[in-house]
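Right after this note come the structures.
In what follows, chain A forms one complex with chain B and a second complex with chain C.
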Partner chain A sequence: MPFTRLDEKHKRSIRKLISPDRFSDGESHCNLHARDQSFHPPCPPDAVVWPKTAEEVSQILAYANTHGIPIVGWGSGSSLEGNPIPVCGGVILDFSEMNQILDIREADFQVVVQPGLVYQDLNHALRHTGLFFPPDPGARATIGGMIANNASGTRTVYYGSTKDYVLRLKVVMANGDIVEIGGRSAKSSSGYNLNQLFIGSEGTLGIIVEATLRLTGTPEDFSAVIATFPSVESAGKAVFEIRRSGLSPAALELLGPECIELFNIQADLGLTVSPTLFIEFHGASKAYMAEMIDICRMICEENGSEQFEAGLGRQERDRLFEARHDLGEMIVRNHPGCAILVMDVAVPPSAYPEMIGFARREIAKSGLTGYVFSHAGDGNLHLNIAGETGNTDHWQVIDAMVLRIVNNALSLGGTATGEHGVGIGKRKFMEAEHGRSLELMKRIKNLFDPKGILNPGKIFPEDP
Partner chain B sequence: MPFTRLDEKHKRSIRKLISPDRFSDGESHCNLHARDQSFHPPCPPDAVVWPKTAEEVSQILAYANTHGIPIVGWGSGSSLEGNPIPVCGGVILDFSEMNQILDIREADFQVVVQPGLVYQDLNHALRHTGLFFPPDPGARATIGGMIANNASGTRTVYYGSTKDYVLRLKVVMANGDIVEIGGRSAKSSSGYNLNQLFIGSEGTLGIIVEATLRLTGTPEDFSAVIATFPSVESAGKAVFEIRRSGLSPAALELLGPECIELFNIQADLGLTVSPTLFIEFHGASKAYMAEMIDICRMICEENGSEQFEAGLGRQERDRLFEARHDLGEMIVRNHPGCAILVMDVAVPPSAYPEMIGFARREIAKSGLTGYVFSHAGDGNLHLNIAGETGNTDHWQVIDAMVLRIVNNALSLGGTATGEHGVGIGKRKFMEAEHGRSLELMKRIKNLFDPKGILNPGKIFPEDP
Partner chain C sequence: MEIVVLLKQVPSTESLVEIAADGVSIKTDDIKWVMNPYDELAVEEALKIRESGEGQVTILTIGPEKAVEAMRTALAMGADKGVRIDPGDLRLDGLGTAKVLAAALKEMPYDLIIAGHRAVDDDNYQAGPAVAELLGIPNISMVIKQDISDGKIQCHRTVEGGTVVIESPLPALITTQRGLNEPRYASLPGIMKAKKKPVDVKPIADLGLDENALAGKTTIAALTPPPERKGGRVLDGDTAQDKVTALVNALRDEAKAI
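After this line comes the complex of A and B, so read on.
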């Protein structure tokens, strides 16, 4: 490993760059930053710092770059592919003390924030403006983490991903340079789109210390639907037909019967245990939404829907979507003594029913418990599989299954990760997915971070 | 100038790489590729080639890179900032023989096309599918040119720019390498977003030889509105309020009275000569659109609107938008013996009324004829100013005015180019707009094109 571990001299130096109470090499702090929400094995950093300004981040990076010390940005540790696990040691930059809203520019539909701000807190602060920041990965993710992973969620099918809401970034480069990129106008054709290079780069090209985000109007009204189906495949077919019809649902989620069962047990939802679609429409008009729901009902019925319950009130809808957001946690609670492998592939719309069928057959063959749920409207499939911790048989089966499922997604023209990022777990698929363009990514990485100190061991397959 | 001019030996070599009937160094061919639709002075290339395959493009680039010969891609020459003018000579790659639709993947809402395809021809071919490619720069632009410039137009306020519709690109790099980037799933968080680096790079990072585009459903219905106002400023205020209200018009165009006068003379539209908004709504329901138009009417009236004509039929709406698309040409025809400077700045929404007022005062002060029109919903202002060809007084006044108007846009947090690209004319503003991040752009340019053969003299201020 070519990286420098933090000895006492380095620790003293870094402590001097930041207030001593915002530096820790204590075991408990390091262990709290050793793992994210994924099944990937933990690895503690050598130290954790809590910067308060871009300048502090700049000084730490300049020092780390000089001495070859790994630097990993940390939001809330809610990622699902080991993205911020400091696998090569070094220093974690925890942004929880840079969590302020710096400016709400209501008249521009924009907000300027620090990276440690949690997106739910942003939307709470915006609630009186009639504006909101739509991407919703579910967990209490920070804006910095969401940008680094191009996070998305249940509303992405209508509102887009994090990448669609970033106008301007302040980034600290590996050598400590502070650079501002992008602008504040709604559109621009001026030069290269650097924002999009940093978005989704998982902290490997620079550290985001400030972001100007585009906001959008809170919908006047919404309407939620639950539809059940005789099979996951028929529900998948309905998803495809809904998309093809030109309807624009604001959420289009597919849940396997095993997920519904969990909802009933753990959230007391009292739903029919069947493959189910959660659908939501946002709009300015009740008449319009009623029309959309009629078309939606027709399509669902044509695809064998057994129950179609429309017009849910806000309270019931909120309970449904809360349960949906908590599903990952529910699965963990349902399997004590197990680790949960979280899959995340996406395929083109027409391949979605085929993909979901393939994944279910794989689970059935494995004899393990798996949960199929997905941002179906985006062709984005999640699959959580429980394996006993330390049971090597289980994990061999799971590893082989992951390989087959991801390769199936790639062969259908899809991606190894729809929204969780490459992190540690998807590195091995990068060459198959990207071919020669992976070389271009590497060259950009080497250009921006020649010593490779920024989040080493992620994205690129040959990294340590 | 460090570039190699094409001598007879080079011409023989390049002719051998391509069928001889698809190579020309004849004066008329070269002159046809010496200028775009802008006021920038023409400059002929040394030769023009018409490639038919990615492999031919690859071979030409490999040769040009070895010998330091400039290469400029050419779509239809409809750009407005000198973007494809071969200011350093070299070879033009004219893509008019690579203009095929390779695959319509209707079930995926995708299409695979060659770069020389004109977007109107694409939409014509798609007309029976219920799908279309929304960006509409107006002129008969090619998909390759639209991607290279991140083109947008009247519908961008609702549907987005070209960058929002590109899923996958096949690109030939400066050294001849053929690389495929991006994928076919609706979303992905796998690695760096290379697509967005090439989109809007104006042919300076690589040559696009194939694109997979996302399509969207043709709206069920539409409704157009014309509203007149006592002043351009009050119309600008209405634009801002319409955006703020959460209405989602599919077009929101502001036209100065001078443009309306031209429409009446040249297109016989019989409109009231006043500052005017063209507004269009797309939707699946007449009831919904009627509701939106009611809100829109209220906002316009609150801002002093004198006439508000809603519910125009398709024929009248098509005539309006055709006239709007032809406006640039109408202005040219109205000023024989003049060159037309075309301005294109964009500012954040709240700054739009101020920006438009500033621009109009500048025109008034200059004593010249100017036309204000804009994709107002995006804060994107166009300003065409007629100056007599060869009248140095006129052009001194115009140059100084451009400087003040662009600097005003930048000081309001805007951009020097909303949609026309940097080309030749906006290079001098790059440093003011981008600051230190311009250095990052240069480093990427040097990484991908170390000899600088790809469209030299564009984007970067210090280029030849």
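After this line comes the complex of A and C, so read on.
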């Protein structure tokens, strides 16, 4: 579908809908909104707008819809699949100035927020209430971006992902209508669950301008473990057994030896360079957690674990998780002159050891440097591969490898993306993953956004 | 190890602060009160030290009834008990505050006292060091890392271009600086338990101090809000070169920055 580029007339009109200091078509502002954290090539928008109210968003969308101007939401731009890149130009709605906490309803375990709020800032504001918002992607992501991507993190294995924490949304539809969906009760069987349609829709169905989130109690105590293994496969096997045994760890992260080596170099952690599991339990009583750890130790040892270090202090635990959150950045720093492809497949628990073995063999065959790490408890495998920018040989090898790894995940009953979203990079797998239900998705998209102005070029394979 | 944390309840930095009609205090009606952020670091450090050994953490505060809220937050994080000194109508300046705290501390056991390096409301930077002086114990300020062994505390402090490592015997008083730790979040059961933890309340009179000697030696003469920020200015010029010339001129002639 041909879209309208912003000429001076359109710019003047949009500028009038918002205060002039919150509109920019300046080159540097546009370039700052041309790329996310992925390797996908940058593409600047025609203009950037910083809305502050639902009404402003509504007016801009109504105008854009009439004139066929693409609209792309922007949180922190920390996506890893090109999700917010304005590939068809148009207007970026940057939510960094619409970032307030509107209401903390402590007694209901709920909070009402604006989309530009960064989740770490939300949790900081909640720190004395005994409540928190659990999804924790590694970046300083916004609630709007997390909902749009259905983000998750290291604690998802226990607490769930963003989709489990959204009760109610205020959304601006493509034509400018402001719609409220969902409710504040803890449960409901009333009608279609429209919240879940918007969660993970990557800004292609509507723009989120307010969210009521569910919160949960901050864990009273925790117990953290580091366990090392002779091979990534044996660590993967232990992960599967831990899940199967009914233990419910609050984090179950697997790291290849190459990642541990980076931790030691860049964060000075002094860990043994081996395939490693970070495991954490949350609970109220030390006795309960001690029991969990005993079973966990048994399982790890049965799977050949060489070191099993339990009872880490708070500081040590925090440093490990901080390093884990920084790992993506560490990999980038370790490969100047390279772009990093980030893989994000997820498979059913029983297929996890096989998947991880397959990925390891693929890296070995490619001759390139790859990093295996994983929200292992969710069967979610990340594989970051460094390829020299502009080296076509490297990128041919990487493309072919991605194809094989994702197809392998799909054949095991998995998905092409566990948490980063389809964006640009995973569009080519939509047909294979969803078959005929992809057609339903297209019809939903058409119903919500008949002119296709909302984040065009994402999710659907045939788009520009 | 007996650890005492000096804690102050202060207006939240996110609150809108307005000067009251008397011109020397602020309007307190709509203000949200929180624990002084540097004291939060102090509570966390105290809890960490207790967790690595034995002992207890006592919170000491001077303040009216509502100051107990900040104290309960510290108890919810895991501190064991609290002592609140009620100042009544007395207005205390930095030194007065330190005298009251020191008098209260003389009646309590302590091996280590931890305080924020300043309270973000008065920005006095005085309470910690003055208390140490009055108690005749060593003081190490603005600590970003500490380590206790063999009855000694070793602290790191940032100085221009580097770090100093300072050691002192215990008992001692240290004040906290950002970077020391990441304060833990309270849990719901923690908040419930905090309601039952003992908080002693003592009127200032019980400390046997001469109230005349406590009354502020300094008084606030006036408060003024920071100047309002002026809007920005877009420099004229057709080319980048023209604009840079205009910018350099403005920086040199108007702002006198270069």
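Assorted remarks:
Criterion: the second predicted complex is superposed on the first by the 463 of 464 C-alpha atoms of A that agree within 3 Å, B and C clash if a C-alpha of one lies under 4 Å from a C-alpha of the other, contacts with A are read in each partner's own complex, and residues count from 1 in each chain.
By definition in this document, a contact is a pair of C-beta atoms (placed from the backbone, for glycine too) under 8 Å apart; a residue touches a chain by one contact, two chains touch by 3 or more.
These numbers come from a predicted model, not from an experiment.
In the overlay built on the shared chain, the residue A:Tyr192 is in contact with chain B alone; chain C does not reach it.
Touch criterion met: A:Thr156 reaches chain B, while chain C stays clear of it. Of the two partner chains, chain C is the only one that A:Arg314 touches; chain B does not reach it. In the overlay built on the shared chain, the residue A:Gly217 is in contact with chain B and with chain C. Once the two structures are overlaid, the count of chain A residues touched is higher for B than for its counterpart among chain B and chain C. Judged by the touch definition given at the top, the superposed model places A:Asn123 against chain C, while chain B stays out of reach.
Legend: residue contacts after superposition of the two complexes on their common chain; A:Ser437 is shown touching chain B, with no touch to chain C. Taken together, the two structures place residues 130, 217-218, 220, 284 of chain A in contact with chain B in one case and with chain C in the other. Those residues of chain B whose C-beta lies close enough to touch chain A in the complex are 105, 107-110, 130, 149-152, 156, 161, 163-164, 177-181, 183-194, 196-197, 199-201, 205, 217-218, 220, 240, 243-244, 246-247, 283-285, 287-288, 291-292, 346-351, 378-380, 413-422, 426, 429-430, 433-441, 443-444, 447-448, 459. Residues 34-35, 48, 51-52, 73, 76, 181-191 of chain C are the ones that touch chain A when the two sit in their complex. On the side of chain A, the complex with chain C involves touching residues 123, 126-132, 217-220, 284, 313-315, 318.
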